[in-house]
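Here is the structure we will look at, set down as C-alpha cells.
Chain naming follows the written order as A, B, C and D, and within any one chain the residues start at number 1.
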Amino acid sequence: MTTVDTNHYAAPTEIKEITVVNTYDLEEAASKIVPKGGFDYISGASGDEFTLRQNIEAWNKKGIVPRVLADVENPDLSTSIFGHDIKVPFIMAPIAAHGLAHETKEAGTAKGISEFGTIMSISAYSGASFDEIDKGLNGSPRWFQIYMSKDDELNKNILDEAKADGATAIILTADATLSGNRHKDERNKFVYPFGMPIVSRYLTGTGKNMSLNNIYAQSKQKIAPADVKFISEYSGLPVFVKGVQSAEDALLAIGAGAAGIWVSNHGGRQLDGAPGSFEMLEEISKAVAGRVPIVFDSGVRRGEHIFKALASGADIVALGRPVLYGLALGGWKGVQSVLEYFERDLKRVMQLAGTQTIEDVKKSRLVDIK
Amino acid sequence: MTTVDTNHYAAPTEIKEITVVNTYDLEEAASKIVPKGGFDYISGASGDEFTLRQNIEAWNKKGIVPRVLADVENPDLSTSIFGHDIKVPFIMAPIAAHGLAHETKEAGTAKGISEFGTIMSISAYSGASFDEIDKGLNGSPRWFQIYMSKDDELNKNILDEAKADGATAIILTADATLSGNRHKDERNKFVYPFGMPIVSRYLTGTGKNMSLNNIYAQSKQKIAPADVKFISEYSGLPVFVKGVQSAEDALLAIGAGAAGIWVSNHGGRQLDGAPGSFEMLEEISKAVAGRVPIVFDSGVRRGEHIFKALASGADIVALGRPVLYGLALGGWKGVQSVLEYFERDLKRVMQLAGTQTIEDVKKSRLVDIK
Amino acid sequence: MTTVDTNHYAAPTEIKEITVVNTYDLEEAASKIVPKGGFDYISGASGDEFTLRQNIEAWNKKGIVPRVLADVENPDLSTSIFGHDIKVPFIMAPIAAHGLAHETKEAGTAKGISEFGTIMSISAYSGASFDEIDKGLNGSPRWFQIYMSKDDELNKNILDEAKADGATAIILTADATLSGNRHKDERNKFVYPFGMPIVSRYLTGTGKNMSLNNIYAQSKQKIAPADVKFISEYSGLPVFVKGVQSAEDALLAIGAGAAGIWVSNHGGRQLDGAPGSFEMLEEISKAVAGRVPIVFDSGVRRGEHIFKALASGADIVALGRPVLYGLALGGWKGVQSVLEYFERDLKRVMQLAGTQTIEDVKKSRLVDIK
Amino acid sequence: MTTVDTNHYAAPTEIKEITVVNTYDLEEAASKIVPKGGFDYISGASGDEFTLRQNIEAWNKKGIVPRVLADVENPDLSTSIFGHDIKVPFIMAPIAAHGLAHETKEAGTAKGISEFGTIMSISAYSGASFDEIDKGLNGSPRWFQIYMSKDDELNKNILDEAKADGATAIILTADATLSGNRHKDERNKFVYPFGMPIVSRYLTGTGKNMSLNNIYAQSKQKIAPADVKFISEYSGLPVFVKGVQSAEDALLAIGAGAAGIWVSNHGGRQLDGAPGSFEMLEEISKAVAGRVPIVFDSGVRRGEHIFKALASGADIVALGRPVLYGLALGGWKGVQSVLEYFERDLKRVMQLAGTQTIEDVKKSRLVDIK
C-alpha cells in the first residue's frame, strides 16, 4: 500500500503572484499545501542527503569579493546561448512530474517561463504532453531532456516528436540510469499519481502508479559516449550531457560530440556521498576551457549562487526546485514571481559586486572561505 | 501597509550609564526596548546573514599569541590620525538614522562620543541636522560620510555644509549604491519614521516614510574613482573610500587620491555571500603597504577584535552597532559606557598580550586557528 | 550490583525478514528491544566516543566522483579472497557475544551469513560453541578470530579446534589487549550474561558474570610480531593482523608473516582519541602496496562507505554493528535482510558512480570535501 | 552587593572516595554542591570562553596513532623531574582559593596529592597557610607559585618562607598581571570569602571580600625577564615561567635563567581570543629543544590528553579544575580518586597506543584530524 492515493492526488490549484523574500521560505510554504508524497518526492534527495546538503554548503566555501569603485549602475543580465538571446543567465532545469506541485503540470511552468522570458527544459518524464506544454510556452524557446528507451527506434521517435515540437537542444541526462537511494520515497512507497505521455510509449503502462525505480528499469540504464553521438547525429541538434561531475566525463562528452556540458548532481537525488555540484565546477570548467558552453545546476537558491557559478565557469544556470515551489504556490504566476525574484536578486548582487555585465561576472574573483 | 508606524515610532528616551559586561548582551537588551522595525533595521543584515556571521566567525580563525615577559603595565592606547590625537584607536562608524535607537538621534551619540573623547562620523543619512549634532559634539572632531547626489552641484553644496560644520575628513561609502537584500526590512515593510535633513535636498521628500531602497535610488548609484577625485579636490579634505574589500580597490582608491582606506563590508548589510570583513584585511593592508591609514569596521564587538584588526594592518577601528545599542539603552551616557567598555577591554587585552603601545599591537603575531 | 540481570537476560527471539531503508534506523529500532546493558555494550564505544564519531565523520571528508558515461549496467559485485569466491566485497566482522542481540547467538548470525552467501568471522568470545555456529553456517566459509591465552599450549589447542571446525584463516586482534574506557559498560556495571565456550578453557569460569576487563585480564595482554609468526606457523593458515592503524604496524605484520592486514579501530571501542579508521586507510594501503589483501572495518553503514573504502585501498570490507542489529530485529532472516540491503545499496552506488566491477571501484577517484 | 555571602560561604565538607567515569561528570556534580559564586569562579573563564573551548577543541585536532604489535603490557608511568621521582607524569597545578571547593582548603588537596604520591603546587593565593598545607602534604614534594609583590623585599620574604616550607621549585606565573575579562565573576560580583595568608603581607587587608581585580592590582603587574633572574638568584631554586604561549617567550625565559617552561593559558582565564594551549605546545617544544623541562596545563581532562601533550613535547602535565572538583566532591579522598582515575586512564591509553614507558609516549606519532 502506498501513502500516495494516486486516484485522489490533490495537487494545488491556485494561480497568483507570490511574494518572494527568499526561496527557502518557498519550500516551507509549499510543504504545507503539496500532498506529502509529492512534496517529499520534490524536496527529498538520496541517502543521508549528504550531497543535498553539500550542494548548499559548497556555496559557503567561496566568498564574492565585491568591487566598489567599478562605475556600475543598472547591470545588464542578458546573455545568449545557442542563438537564443535571453535576458537573464538562468533557465528552467528539466524536472519530472510538475503535476505533483500543481494541477496545471508542466503547462503551468511553461507559461510562467514564457511570460518571464527564458528557456524551458521539458523533461521526458513530464506529466503533460508536448502539446499541452506548447500551449503554455506560446512560442518560447524550449530544450528537451531525454530519458532514453532501451530501443533506439523509440528514441528516434521521441527525438522526432521533440524536434517537431520545436526543441532547439537535447539534454541527455546521464546520471540517472537508476534511482538514487531515496529514503522518503521508499518510506512513502511513492508512485506517480499520473502518467507520462512522452515516455509511455516504452513503459509497460502510462507511468501512473509506477515507482521511479520501476520507470528507470524500463528506460535505458547504460549510457555511453555512443549515445551522445547517436542523439547528436540523429537529431542534428546541439546535445548537452547532463550530470557531469568530473573533468574526465566532460572531455569524454565533448569527444563524443556534445555541444554543451551540464554540470549537475541531479540536486543530490542520485549518488549520495558525491561532493556538492559547485565543488566540481571549477575543475570541469578548466578542462572544458571554453570549447562548449557549461550549464550548471544543483543547489541554486539565491542570486549570489548564480553569481558564484558564473564566476566559476558556468555560462548558464538552471533552476529547479525553487521554480516548482513557485508553481505550487501560485501556478504560472508563482513561477513568474520566482524568476523575477532571481532576476532582481542577481541584478542587486551584480551591482554590489561591481559587475556591469555577465562577462564581468565571469571574470570576478572568488575567495576561499576558510 | 508597514509594520513601522512612522507617526508613532516610540524610540527609547532614557539617559543613564549602563553596565557593559559584553556587547552581545547589549543587543539582547536593546531588542526589548527598541521598536521591532527599528531594531531589525539596526541589527539585521542582508540575505541569509552569511556575511554578518562571517564577520564574527572571522575573528575565531586567528588567535592572539600572548607575550608574558614583556615588562608591560598600564598600556597606552593613544594614537593619532590626520592630526587628531585620540586616546584610543577606535572611533564612531557612520550609521544612518540613530533616531531609531533613541529620541536624541545623532545628537545623543555625538554627545557620548564627545564626552568620551574620540572622533564622530556623521552619516549623510542622519536624522539630525548638522546643527543638532554639533551641539552634541561640543567642539569634538568629526568626519562626514557622504551619500552622493546624482547632481554634483548638490554634492558641492553638501560638502560645503560639512566643511562649515567642521568636518576634517570625508568618508565616501562606495559599497552601498543600492540596498542589500534585507529580508527583515522587507518583511517589516520598513520605512524611516523621520526625515534626513542632510540629504533631503536631493530626495523627493524628507526621507520620512521612505524605504532604504527608495532613498538609494535617489542617491548616486554609480561610484567610480572620479568621485574620489572630485570630492578630494573640491573639499580639500582627506577622503576615505569606505567599503573596500579587495587589494584592487584599495589601489584604485589610492590612485584616485584617497587619503585613507576604510575596510568594511557595511556590517554584512550589503553583499551577502562576501567573506568576513576581517578576512580581507590582511590582503588589503599588504597592498596599501602603509601609504595611507586604514580604518577597519564590521563585526567589532570586543577588545580582542580591535587588537586583531590592528595586528592585521588596521590603524583605526570603527564601532557601529554596539554604540547604537548603548544609545538605545542609555542615551549619550549609554554611548559613553560602551566606549569606556571598549577602552577597558582593549587595555586589558593589550596588557595580557604584552603590548605597551598601539605600535606594539600592530607588530603582534596572530596564529591561524585550525 | 549490576544493571544486567544475568540470570534473566531477555534477548530478542523473533525471526523475520526486516525492511532496511538505512542502517541508522536499525540502531534506533534495536535500542527498543535489546536489553539496555546489552544494547549499550553493542552500540557504545570508549571515552567520549570521539573516535566512534570520527569513524562516521571520516566518510564525509571524501566525496565519490561519479562517472556518468561509463557504459555500466548491472554491476558485478563479486570478488575473491584467499581462494574464496564471494558475491560481494563484504563479510562479517568478528564480534563478541551475539547472544546479547538475539537468543540464537552466533548460530543465528551464521545462518544469515550462510543464506546470504559470504564469509563468517567467528570470535573467540562467541557465546555459541564451534559446533553450534557450524550448524548455522552449514558448510559456508568461516574465519576464526583468536583472543590469545597467556598459555601457548592453550592457544595451540584453540587453533586446533578452529581448524577442525573448518576455519580457513585466523584473525589476530591486536588492538584489544585490554578494554577501552567504556563509560556505558562501566555505568551499567556490565557483565556477560552467558559464558564463552571457546575461551572458557583459559578463564577462571565460563565468562558468564564476568566483565570485559576481567576477561581481557585473563587473556594474553601483550601482542608482538612473534605472535603473528607463532599462529601462522602453527596453524598453517593465512593470518590477518586486525586493528592495524598505521603503516608501521602493517609493515611489521607483513614482516612477521601476516597474510593480510585488517585495518580497524575496533569500532571506536578501544583507544578513544584515535583518528577515524578510514582516515588511516590510505596511508596503510600505500605501505602495503598490494603485497597482501586489506580488510577494512569500523564505521561502515552504507554502500557508499564500502565504495569509499575499496577506492582507498581496501579489498574487503567487514560489517559489524549493523548486522548485529539485523540479528536483534529478525534473527538470521534479519541478518540476511541487512546483507541484502548492503548488496543492493553497493550495487546502486557502483552503477551511479560508473563502475562495472570491484576492480573499477578500486580505481575510482575520491575528492577531498573541504 | 555581591551574590557571594562571604560571611556564610558554605563550602562542601564531605570526605569520601568518589567514582570517576570521566572528569566532565565531575564538573556537573560539583556544580550542584559548590555555591554558585565559587563554582563559577572555578569553572568559568574569560570573555566568550573561546579560549576555554579551544583548550578542549585543540585535542580533537590531533589523533593518537595506536601501535598494536608493540609487545607492551603493564606500562610504566613513572618519570622524574628536578630530582623528584614520581610515579606518574602529572602533578597538581597551582590554583588559588581551594577553599571555594571544600572547607579543608589547600590542606585537603595537599593530603590527596600526598596520599596519591605526586607533586603539589602551592599557589601564593592559597586560602590556607604554608603550615596548614604542610600538614596535608606530610613530607611530600611541593613547588611554590609566586604572585609577586610590587616590593621586592616582600618577595624575598615570601621566597624565604616558601623555601623554609620545603618548596623545591618556584613557579612564576607571568600571564596574570591583571584579571581576564571574567563575565561570570563580574555578574556575580565575586569576592573571595576568606583571606590569603601568604600574600596578605602585601595586600591592604587579608584578601577576604576582595575581588580578583583588586588583588591583582596590589600585586606586581609588570613581569619581565629580570624577575625570572631575581627569583632564580635569590631563591637558588629552579624557576618555571608559567603562562608561556610562544617560542619567543620560552627563549626569553631560558635566557633569563628559567629552569623550566610551563606552557599554559591559565585554563582560558586570562586572554580570551588566544589559541588553545595545546595548539602552541609543539612550537614551544621545538624552540626549547630539550634544554629545560616543559610542564603543560590547560584543558587536560583525560588520559588521552596527557598522552597527546607528552607526545607533543611536554615532560609533565599539570592538572587543575578536575582535581578541584574531586576536592569538592570528596575532600582529600576525592582528590585521590581523581588522580587514580588519571593514572588508570593514562595507563590504559599507553597500552592501547603501544607504549611501555613515558619515553615511548614522547616518541609517539600524532596525526592531524582534518
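To be clear about the criterion, a contact is a pair of C-beta atoms (placed from the backbone, for glycine too) under 8 Å apart; a residue touches a chain by one contact, two chains touch by 3 or more.
Going by UniProt, the chains are A, B, C, D = L-lactate oxidase.
Keep in mind that what you see is a predicted model, and the values were worked out from it rather than measured.
**Q** Using the touch definition from the top, how many steps at minimum link chain A (L-lactate oxidase) to chain C (L-lactate oxidase)?
**A** Graph distance in the chain contact network comes out at 1.
**Q** To the nearest 5 degrees, please report the angle of the rotation taking chain B (L-lactate oxidase)'s Cα atoms onto chain C (L-lactate oxidase).
**A** Superposing chain B (L-lactate oxidase) on chain C (L-lactate oxidase) takes a rotation of 180 degrees, nearest 5.
**Q** Indicate whether more than half of the residue numbers at the chain B (L-lactate oxidase)-chain D (L-lactate oxidase) interface occur in both copies; give same if so and different if not.
**A** different
**Q** Please compute the C-alpha centroid of chain A (L-lactate oxidase), do the same for chain D (L-lactate oxidase), then give the distance between them in whole Å.
**A** 60
**Q** Mind checking the centre-to-centre distance between chain A (L-lactate oxidase) and chain B (L-lactate oxidase)? Centres are C-alpha means, answer in whole Å.
**A** Centre-to-centre distance between chain A (L-lactate oxidase) and chain B (L-lactate oxidase): 42 Å.
**Q** Which parts of chain C (L-lactate oxidase), given as residue numbers and ranges, touch two or more other chains?
**A** None at all.
**Q** Name the touching chain pairs, please: which are they?
**A** A-B, A-C, B-D, C-D
**Q** Touching residues of chain C (L-lactate oxidase) toward chain D (L-lactate oxidase) in the complex: what are they?
**A** 47-48, 50-51, 54, 61, 174-175, 177-181, 183, 186-187, 221-226, 228, 241, 243-246, 248-249, 252-253, 256, 265, 270-275, 279-280
**Q** For chain B (L-lactate oxidase), which residues are in contact with chain D (L-lactate oxidase) within the complex?
**A** Those residues of chain B (L-lactate oxidase) that touch chain D (L-lactate oxidase) are 21-22, 59-60, 63-74, 302-304, 307-308, 345, 348-349, 351-353, 365, 367, 369-370.
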